[in-house]
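Shared chain: chain A. Partners: chain B in the first complex, chain C in the second.
Coming up: the complex of A and B.
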């Protein structure tokens, strides 16, 4: 509750502070900006990589039609406005969307940006053999019409109530047709020069790129805002570790910005205490959660092609799942494991604010006695005095698995102790991340196979619209031996009412209605204890005190507003 | 002598072929997925398509044959084309890195200079110091200096570079603030001032690395010189009334060269292999850092090619050591 209040207060303060410090600057007067990305970018073409580090590095150069701001709201970037049903940008049958480019936009080589570039970018990604990482975003686009030089109409194969997949966000920026026209399909990989120095519309352009090490940028002379960016050049250094990066900004002041500081809260706080810089966090939808397996795991070594799985006698009882959730102290877990990089969440869709349900807020308080009562009332009692509750001869003994990771093992120990207090015996298991998160259908230790009763992992919705994410819990998404263990509904929960609501969501266009439906779906998952959300995990970065204008953004590239960054006047 | 050299040379080719097969097979069997680092919002079907674009849909034997052909035919032709301006490669498929989609050889070429300068300098300083210290300790065998020296050498050898690097960074970069913690790889030496900057940022990585080399080779040198000092000809030399300096450097060191040089020559390929941990800690963009980054990303073409190049260098270093020893000590060829 407190975290929520603070977050609300912060989001109120943010726009105000930006206003206050938004002093007029002149272009390229503040010298060099030094960024440290300890996971070094390996290409500046986000279509060939898909990695976050590469998408962020490319976002200095390449820009999409619309971006997401720190609150998750869509803002027009290269487009004049966001097309909607109301302004006619989205067709009434929801089968097309019309994007209109701003007037007078030019690439950094001086040539005009046209709707032909929009069309080309789509062709580039969808040509077979390119290995484009963002195909899923463009997949439903059937054709692109270029009515005039600044208007591109995207036609969808099916009605799209949420048509903002392509060209929204840093994953799908515009690339220049002239530069990449020879790089279609299998020859995409051979265009090293273009992949390492794409021509873009952003505030900077690539000067030198050394994959896995450094990238140097200087000001794009054709950038559309005359007095931006304030910095004349950017050095993006890679390599080392999160610790090296944090040290270089917070302790020695050698760098201005350090990205993705996944460090233990104590280490990060000690670094921040040196007073050279500030830690900034941003939250989107990455939630650390427990998944509960409603099905009886197949005994080890048994044939996996047996009959349909049977419900687990204990886990299928909602009261057992409720007790498991009630006995957790999420605030303590967040404090120990993530510090300021995490906040307690009771929702599986924690943001943007309109999509976050308020119906589950009570979960943050730990209630051991309440959990004991719930179990006793449901008939789970410890009659033989061995400390483990049982009903009809079935004891509450669970296997709890997760990936090998210091924070997750801490969480496992905490949960084991709390569950012991309510009479549930837990056996802990941790599996190497490269196996646990692999998609190898032959390996029984994966997330999808879920050969345990409880498992912990983190996952996020892609972008602000949770439809695709929530459809992960549909009946058809249960991984089974018949579908090669594909699907995200690992617990095997199936409710026709949920699927019907998903169907409704896929035909609803009005943002408020979509948000309401998403909240209902979220509540169904959480209140049925299909998943037990624990921590809303944020992105953590740090910037030097001498750097102004940083607005941490977990929805888009962290460098989304780099044109506004400037050196503090001392 | 010549037949010995030819015989050794002929043996290297099958050795390298076996090594290449082993490297490929080991990496093939190891778990790891080049798509593992992608955000989980990218669906499995797209990942499969991306794997296919990398050539992973081919069988392992086809990929091995292609890799051998690329290493033996395509890449040497590209190199020759670059040197002579010919067109031997004729657009043949080069070895491409999976994460950058750039030719692996150009990545190596980009990183080799840094590794050569930092690791090479450290090796040079390390061996020079080691030989001097080894001889000195041997000459003072049994004294407090020798004991302290060998003790320090054992300590230096025992301390892992990730520990020494952290300690040195804490003292000299954070506490005293004399040197930077992060190696600036874009720095260019254009005059005295920039040369001073370059030296300052090189001090710590070079110190960490040369400590290892010194500690290791000092022990070998000391043992070899002590061995020589116990020989009859040393007593003869002393009996002739030669000054101790000449006994030590002219007779003892000269005769202990065989062992010392072997160790130095065998260690030399690490100059090209880079120093995986030290480069990673200081952010030096050398071959070692390339190797570790590629391993993390499951970028097999880079890992295979770099490992293979290191294997070639080690085999060559062995060969050189053999030939050098044959030259210094002709007995070894007749044995």
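Coming up: the complex of A and C.
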């Protein structure tokens, strides 16, 4: 039966491929594809794990209704088209979205994919006790109507101008109702057979899964594209380190694809120079930035219910913040710290392209003289000749903290030196990452407490829509004693105009208007020097020269188009 | 004869390390934090005898500057630790009444996990010390005191045993009979007999203080990242062992030279004391 299916599929696709120049000739003709994930997946059910490694491994099998392409644009995957206000897919009151499945879709066991599976997937994740890791994506979904076998209508509790949380991207793919119907609620984690070999719609299906070690896949005979995938089987090897993974692809050629090569630029360049493979980079929204504390740090040991914070006499002066930003050579920092895994950014929202502002591009050039002039014009001068500028008795002495990390310490050294040249004295402090990024309100050394003047860290927007991310700089998001040091507006910047624009964004549905608003908000943050963006950090992977069709994607699973991967013809 | 050669070797190694650290910066005047972004990762040359690091800082200058920090920490921390250990070991060895409580105190300190203790100390005392003594002196005081305060236990134990065995000897009984005061007895009768053990533990304490400081710096609780020490240089260089081995091998060699010098010095002193 299976062989006949494959044969039928092959015979179907043969005439078509004669027109395509680069496409594979037939399904399963290119042998085995070997992937190296140095963090080994522990499950193939993305709903039971927040780990990227698990989500990526599962993306070989399970597919969502829509995906994000390497540019961050939404493309329909199992759905016929992206529902919008214009095509009627999104209701005018923004309280519901209608997804219509492609016709003729089948699971790898041959049964049809229906809107019931969409409804079930939501039920599966939202049933109490399931421990579903993706509940945040479904939070506001009240109910799912299945108008017919191919139409699912999601109803939201509140108007959703951006309704593309559920079933978009690799975190929330469809799972088969028939397979998981016994796995609801607390029994979700104990359904090992289903979690380790889910039935999916993707190009491959699981053959063998050893958690924390190896996974084997073969071709899904019921895959909807007849001439894909080109590879007959996939071996996904886990374990080791980023360095061994890079070696296995770039130096020895044992593997075809190595995932997430977080290596120092010199090490990675040395590997790439062996000529066995290529390094690929994808960028999303992870930005390494400086946050500037506009408030005077409270003295140590002050009472916990102390007075409202007072503005810092130097940091509250925008010219000081401007000078701090102008004197940085972001290109040098990127080259030293990240190499090809980073690119200079002047925006806190660096992508997708429609959301990236072009108004701040001038920041990329270092301007020491300009920064000195800015400070002098603002009245900050070095009168006593100790190399530190002062105004009205207040010297420009700052404490600069970040987590303990080789690249970040290099950045600290560089910034300290450049700031010294413009008459600002910096004291450096590095804090263990587990403390710095902890949310313990009792520890004064955390990111939220910000007991310093300048701090450096990286953060990203979840998905392509930056609304939730940008709302992190609202007045209500300032961490204080009163709210238990919660919130992401660590610098304490507050502008009612910004909050008003955020309000507007939360009621705007048209994508172009949303992008324009997001750019304006980004410009307000960057041009007020609330944050100083430094480097847009990408995801780095490598593939062998014999592997074709890889399109690195930092928005979705890196394996999003694995059905199109093929062996190079030699 | 053998011990004399060993003594010479110890003194020589230590002298080399100390001379490099103290005289090096006088001969090699390049500042350790001057960055030359045009000469990053440069190999050894006349301009940079040991090459430069990833920010174009001269490795030789950093080695000398790091040595000053590391040796100062080692010296002070070893003094504090050995002093505490000596006091407690003497008290426990000479007085039967204090013996039990002091040795239980030692047990308690031995059973405490040291790193978490140091983390707490750093969190609690860093800011007050920094505001009282200035940033760098404050951190130096904190690090040396906390390393010293957590490394006296083995010294105290060993010295107590030594003191007890000395106390059994006839000349002590004779001294007690004559009515010599305890302080005089310690200086003239006990210390000379335990000097060898004392010097060995002091040497070992100095060597381990260097390593402890590097561990603290690595966790971000030691010196700020712009103040190099040998330990920090090693940690910074480890990821580049394959490409630029000199970055961690040179400071590693300096630690090895210093530790070997101090230890063989202590060893010889012990041998001499036994011989006498």
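By definition in this document, the second predicted complex is superposed on the first by the 548 of 570 C-alpha atoms of A that agree within 3 Å, B and C clash if a C-alpha of one lies under 4 Å from a C-alpha of the other, contacts with A are read in each partner's own complex, and residues count from 1 in each chain.
Definition applied: a residue touches a chain if its C-beta (ideal position, glycine included) is under 8 Å from a C-beta of that chain, and two chains touch if they have at least 3 such contacts.
If you're wondering where the values come from, they're calculated on a predicted model, not measured in any experiment.
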Touching partner for A:244 - first (chain B), second (chain C), both, neither: first
Touched partner set for A:382, first chain B, second chain C, both or neither: neither
Contacts of A:266 with chain B and chain C, given as first, second, both or neither: second
Partner chain in contact with A:373 - chain B first, chain C second, else both or neither: neither
Which superposed partner A:136 touches (first chain B, second chain C, both, neither): first
Partner chain in contact with A:437 - chain B first, chain C second, else both or neither: first
Contacts of A:414 with chain B and chain C, given as first, second, both or neither: second
Of chain C and chain B, partner touching more chain A residues: B
Footprint overlap on chain A, where chain B in one structure and chain C in the other make contact: none
Residues of chain C that touch chain A when the two form their complex: 33, 35, 37, 40-41, 54-55, 123, 127-128, 131, 135, 218-221, 224-226, 236, 239-240, 242-243
Chain A partner contacts - residues on chain B that touch it in the complex: 31-33, 36-47, 49-54, 96-97, 99-103, 106-107, 110-111, 173-174, 177, 180-182, 184-186, 280-283, 285, 289-290, 293, 297
Residue ranges of chain A in contact with chain C within the complex: 264, 266-267, 270, 300, 332, 336, 403-404, 406, 409-410, 412-414, 416-417, 427-432, 443-445
Interface residues, chain A side, partner chain B - complex: 36, 40, 42-43, 48-52, 129-136, 186, 188-189, 192, 195-196, 208, 210-214, 216, 235, 237-241, 244, 247-248, 251-252, 254-255, 434-435, 437-439, 459-462, 486
